[in-house]
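Each of the two complexes below includes chain A, the first together with chain B, the second together with chain C.
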Partner chain A sequence: MISQALFTRFSLGARVLIISLCVVAILVPAANLLLPPEHFAHVPSHLLPLWGKYLCYAMLALALDLVWGYCGILSLGHGAFFALGGYACGMYLMRQIGPRGVYADPVLPDFMVFLNWQELPWFWQGFDQFWFAMLMVVAVPGLLAFVFGWFAFRSRVTGVYLSIITQALTYALLLAFFRNDMGFGGNNGLTDFKDILGFSLQADTTRASLFAASALLLALVFVVCQFIVSSKLGKLMQAVNHAESRVRFTGYRVEHIKLFAFVVSAMIAGIAGALYVPQVGIINPGEFAPANSIEVVIWTAVGGRGTLLGPIIGALLVNGGKSYFTAAFPEVWLFALGALFVAVTLFLPHGLMGLFKQICTRFNKRSATAAKVTPLMKPEAAE
Partner chain B sequence: MSKFLENTPLLYLDGVSVAFDGFKAINNLSLVVEHGEMRAIIGPNGAGKTTMMDIITGKTRPDHGTVLFEGQDLTLHDEAQIANMGIGRKFQKPTVFENHSIYDNLLLALKGSRNVFQALFSTQSTEQKQRIDEILAVIRLENRRDTLAADLSHGQKQWLEIGMLLAQDPKLLLVDEPVAGMTDAETVETAKLLREISKTRSVVVVEHDMSFIRDLDVKVTCLAEGAVLSEGSLNHVSSDPKVIESYLGR
Partner chain C sequence: MITRLLQIAATTLWLLVALSYQTTIAAPANASTSELRQHINALATGKIKDKPRRIEALAQLGSNKAIAALNALIEGRLYSDKASTQVFMKHGDHFVDPLSLTAVNTTSKLKKVKANNKVRRIARAAIARLTLKSPNSEQRLQAVEVMFKAADHKLLPLIDEALEFEKEQEVKQKLLEIRAAITLQNKHASKEAQLEAIGQLRQMGSQQALGKLQAFINNSGASAAALKAADLAIKAIEKSQAIWGVFQNIWYGLSLGSVLLLAAIGLAITFGVMGIINMAHGEMVMLGAYTTFVVQEVIRTSFPGLFEYSLLIALPLAFLVAGAVGFAMERSIIRFLYGRPLETLLATWGVSLVLQQAIRSIFGPTNKEVGNPEWMSGAFELGGLMLTYNRLWILAFSLIVFAGILLVLNRSHFGLQMRAVTQNRRMAASMGIKTPWVDAFTFALGSGIAGIAGVALSQIANVSPNLGQSYIIDSFMVVVFGGVGNLWGTLVGAMSLGVANKFLEPYAGAVLAKILTLVVIILFIQKKPRGLFAQKGRAVEA
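== the complex of A and B ==
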């Protein structure tokens, strides 16, 4: 009954996405592990973490879309929640190294030994437990988003002012995490990870599993987001986006609606960060850089904000493009990215999803009028 | 308590003043609206009509004065609380959720829980659907329930907004210029609609259109420079030399 109710909420595109993510989660690891390297469909091992990284970025874009596309809150600091989730996971991975570090201290990570610290700081306690670290992956970004959003939304900070504060938030965290005294490895961040849950991070099976986990969790987060945006609360979020005062005068607490969206979004960003770190093998303060957060906005805008499919497609396409361009023409990539954002803003305000919809309606209209008015003429192909 | 409530006017404003950067938008304004009363408010531009509505609905805090709704001090509450106490407001510019269907607009406005988590898991009951159907009939939009609000004409948006207020089931409706930009036929229909609504609740209408005010046939208050200039029947007010001087004469 519930599953049926859930199923009716999904459009055709959403079902295709969910099914393809599940298929990819099985086929790509299988193509890597089961096929011999000389087989044409073999997926080389170095591509697994790269593609897994794209899926994490897609999840981050989905998180941003929930607040920006649906609730109208343009966060230019979503990278902060992503990085915090990443750090929480990185702390677990650091604790897993144990005595295998350069300084062979059974408890302290290398950078702490290097800094002459005698014991583990209180905030590193518990991170040797996987469940605790995974709890922190959602709790820390969620709590930060809650406190930040509580003050910002209650004071009715909106529009560019809110965007600027979110940018300041991620920049402040960048500076804080650069400091060695913070206890998160300073400039170098956390790296040299050995294993996760007892499995070596270098092993193909672990990489394949992490990739599969990324794909499946992206599908799951997508389902959760779909549930939220199609609920009455989701309709209220969109109402806040277009007529905030009407929502308020109808008796709803706009700040609660925004806070809900912001906290859920930050938690999703945290999960994305936690999946990202074991696949790329490092987390450092650079992840807090404001430019990273702005890039997420570009992916979302390119794919089409206000649709859940759009940001996923945007993140995969732009990052795929980035990998190609930075290898083929490294010096033009940033110009290409800038030009892409300008072009999308000017010509495709609803992104690729908007373009797709436009083409569909135009094609439908054209074939309808062609059938009605000039039955002798063949309908032209859609542009 | 009920005795007390019966004797208390629904809305009671006394000695209310508010200034913006030294400009007194409302200056010692007093106004009483009874249960079940419909009141029309007229006055020149800048008379403080919209500011008065802002004060009643909690958007603006008055500098001085008493603002009571059923004996409760409105200056202690914010917009959402005041809306839930039973005051609905229609803006001058029709403000509806343009990206939602007419049905969804009414669904979101419908009286009920305003809790975020309940909204996440809420389902529609048959009673709610019936109530929305009733309102759709009242605002004459039954056939367009699945139309996006953005696709409505200006007049239809005004009606939808009135319908959303009805869905809130308020005790007092504040309606700011409901017939601005409407055709003559739509204006007549709107007067009919408001008279119908005022049978079960109090309504305060701000309007410039004198023929519309005449159609309403209710007590009129004329504001000027943030204070009440004249009050009474339309004939009484429109023959008042002060009103002619500051408003009608021009």
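== the complex of A and C ==
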């Protein structure tokens, strides 16, 4: 039944993405672990966490697309949910260090010993259990999104206002997490992780597994999102995007629809953050910076919002470009990013996916007029 | 506290200078030079137990020319020539005459005039007493301030003496206060005297008076009535200090509010009136600050005499620079995005990144130093308030800018067109108003104001490429909190956010206070999505 659904609900592009993610999840780790270093297809170990990071960003962009592309809520605070998920995972990793820290305290992380704390704060309890930490990875961002969204959507804060207060939210969290007495390591954040589930984070096998997990989870989240947006609820979300008042007048509770999208999106962002931290090896308050959240918006916009596929491509492309530029021409990167913001909003309102579609339809039209047959892509275009 | 310490240090320094050179003190008429010299020479004679008497005798002459010699005695720089019984002061590696201060060539053997602690104490009291007779009231006041720190009951007759002659009200008041402090320290003083002293300290109401009163309660077995009075006085002083503390907080709050107002006022035009989300607004502020920097650099290298006017020169230039950038932005980007606020937000964010990086490439990533002109530095006290001139100027300046904007919007032809376009674009267009140009100039105006704000902020903030970033969220909060499209709302919003922030700070710390204000605003927007002073009517929905 699922395989049937896969074929009926998913466009060609979506199917290609899912399959290629699965293939990448197998091939890249294999190319890293099995091939000898001098082989031309060998993937060096330092690239695994980098590419894994891109996949996490892609998942974050996907989360944003769910609210922005489909529900019309431009959140400038999605970095906050990402960082919260990251912190939840980071807390688990901190607890795993155990007595191997600099101060060799069996329970307290180094920074707490440094701050002269005597015992673990209540909110650190339970994070030594993997399942609990993973629960928190989705629960904490989800809860924050629920409370925030509940207030915001109920009082009909929309559009730009909502964007600005989500930005204020992540800014407030940024300031809060910078404080030492918050109990999250202050300025330095959480770092010096040793292992996850008993496997060393430095080992190639662990890195490869984390990469594979990122790719597979991205595929899974993509499938879930695809199911959501093609369900009746998903149609309602798009209706809210286009004519909020009309949906409300037809008898739907708009705030519930928005709240659902917002919470699910925050949870996905949390998962992305949790995958990000073990691969990057550090989480600090800088992740809450409003600029990060806005950058997520541009990934989504570059790929094309409201397509689910686009944001993933956008995130991969922009971040790949960022890595290249910051290494090759560090001065130029911000110019390029800034120009990208302007160019995409001015010339590519539907992103790369929109451009692609435009080219496709033009091409189809031409071939249709030439061959005088009905276009092949017609069912999709109708959708 | 620090200023007080500085004052004391300065006074001590002054005393030293005055004692060594006696440049400013004129000799009173009542002591002849020969008499003085005789008494000074007498300091070297006799046994050490005779010295207090001789010092007293010298001080009796009441000439502050004797101060130098006394000071030399305290510091062990006084030498006597056995043969001639002349006394000299050692100054560096040569000797000088204690009265004329001219260098003396002596070949004979000189002996140091001995002094013990008692002698030194007496000499100090004599110095203070002589300084109190200085004709310069400023110096007398400083001497009194120093004495307050070391109030000693032996000074009492001296103070009483000074009180008789003192005409300057301020010095007299201070002397009375010292007298009160000394009386409190004296365990044998009568109850009435104590009560009177407590009353005087209570009137004084300073931190020092508080200290003296607390010391009185802590270590004397005074009568119940006196203790009660002291307790009441302490409470009264603490209360008045708390009240001044509130005023001080309000001042700090207004000062922060004025900064917020300056940063937000341009945004109130671009966002509030035009509905454009200009994320590059902070960078306009930054451009203004860098314009100030460039102006000062040019002045420093080419016209050093103009430094005092550097800010006045920078103001119009900053307005032009930021305004021109704003104009270019509107013409090239924003005008294609009207009606798509979220896209505007992204595009202007891109512009802000480009501007930041441009400034970073040109000027480097480090902080630039922008100097304060003379008239913007320093501070003064008003009652229990400490006010700094730069904050005061910025507060005044923000209000002037605010008034100017109001005037432009409500009284000028351009303002009229602007309001017409915001209220009904199509109607305005059909009346012959060139709406695209009005849009462009309105945006340029908002940006220019941000540039002006940058000139002011360069005086109190670090001028770096990130300057704008730190203000952008606050500015949006102010505009949204005050109510979009309402300049008065921006004023009230900025001031109330500033004051609220400063009142939270003592309880929660600076960072937490900021977080709390943000949270409060977030909650407030939920409650009143259109801000404090919401625009009413149909136009709002459009």
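The criterion applied here is as follows: the second predicted complex is superposed on the first by the 365 of 383 C-alpha atoms of A that agree within 3 Å, B and C clash if a C-alpha of one lies under 4 Å from a C-alpha of the other, contacts with A are read in each partner's own complex, and residues count from 1 in each chain.
Note that a contact is a pair of C-beta atoms (placed from the backbone, for glycine too) under 8 Å apart; a residue touches a chain by one contact, two chains touch by 3 or more.
Bear in mind the structure is a predicted one, so any value in this text is a computation, not a measurement.
Undergrad: For A:Arg248, using the defined touch cut-off, is the partner it touches chain B, chain C, both, or neither? Pick first, second, both or neither.
TA: The answer is first: A:Arg248 touches chain B but not chain C.
Undergrad: Tell me which partner touches more residues of chain A in the superposed arrangement, chain B or chain C.
TA: C
Undergrad: In the overlaid three-chain picture, which partner chain does A:Leu62 touch, first (chain B) or second (chain C), both, or neither?
TA: A:Leu62: touches no partner chain.
Undergrad: After superposition on the shared chain, which partner residues are touched by A:Leu144: those of chain B (first), chain C (second), both, or neither?
TA: So A:Leu144 meets neither chain B nor chain C here.
Undergrad: Using the superposition on chain A described above, determine whether A:Phe341 touches chain B (first), chain C (second), both, or neither.
TA: second
Undergrad: Should A:Ala88 be classified as contacting the first partner (chain B), the second (chain C), both, or neither?
TA: Neither partner.
Undergrad: Who does A:Leu236 touch here: chain B (first), chain C (second), both, or neither?
TA: Once the two structures are laid over each other on A, A:Leu236 reaches chain B alone.
Undergrad: Does chain B (first) or chain C (second) touch A:Ala172, or do both, or does neither?
TA: second
Undergrad: Contact residues on chain A for chain C in the complex?
TA: Touch residues, chain A against chain C: 74, 148, 151-152, 154-157, 159-161, 163-165, 167-169, 171-172, 175-176, 178-179, 290-291, 294, 297-298, 301, 331, 334-335, 337-342, 344-346, 349.
Undergrad: Spell out the residues on chain A that touch chain B in their complex, using ranges where they run on.
TA: 228, 231-233, 235-236, 238-239, 241-243, 245-254, 256-257, 260
Undergrad: Okay, in this complex, where on chain B does chain A touch?
TA: Going by the criterion above, the answer is residues 57, 79-80, 83-84, 88-89, 91, 95-100, 104, 107-109, 114, 116, 119-122, 164, 168.
Undergrad: Using the touch definition up top, name the residues of chain C that touch chain A in the complex.
TA: It is residues 277, 279, 333, 336-337, 341-347, 349-354, 356-358, 360-361, 469, 473, 476-477, 480, 511-512, 514-515, 518-519, 521-523, 525-527, 529 of chain C that touch chain A.
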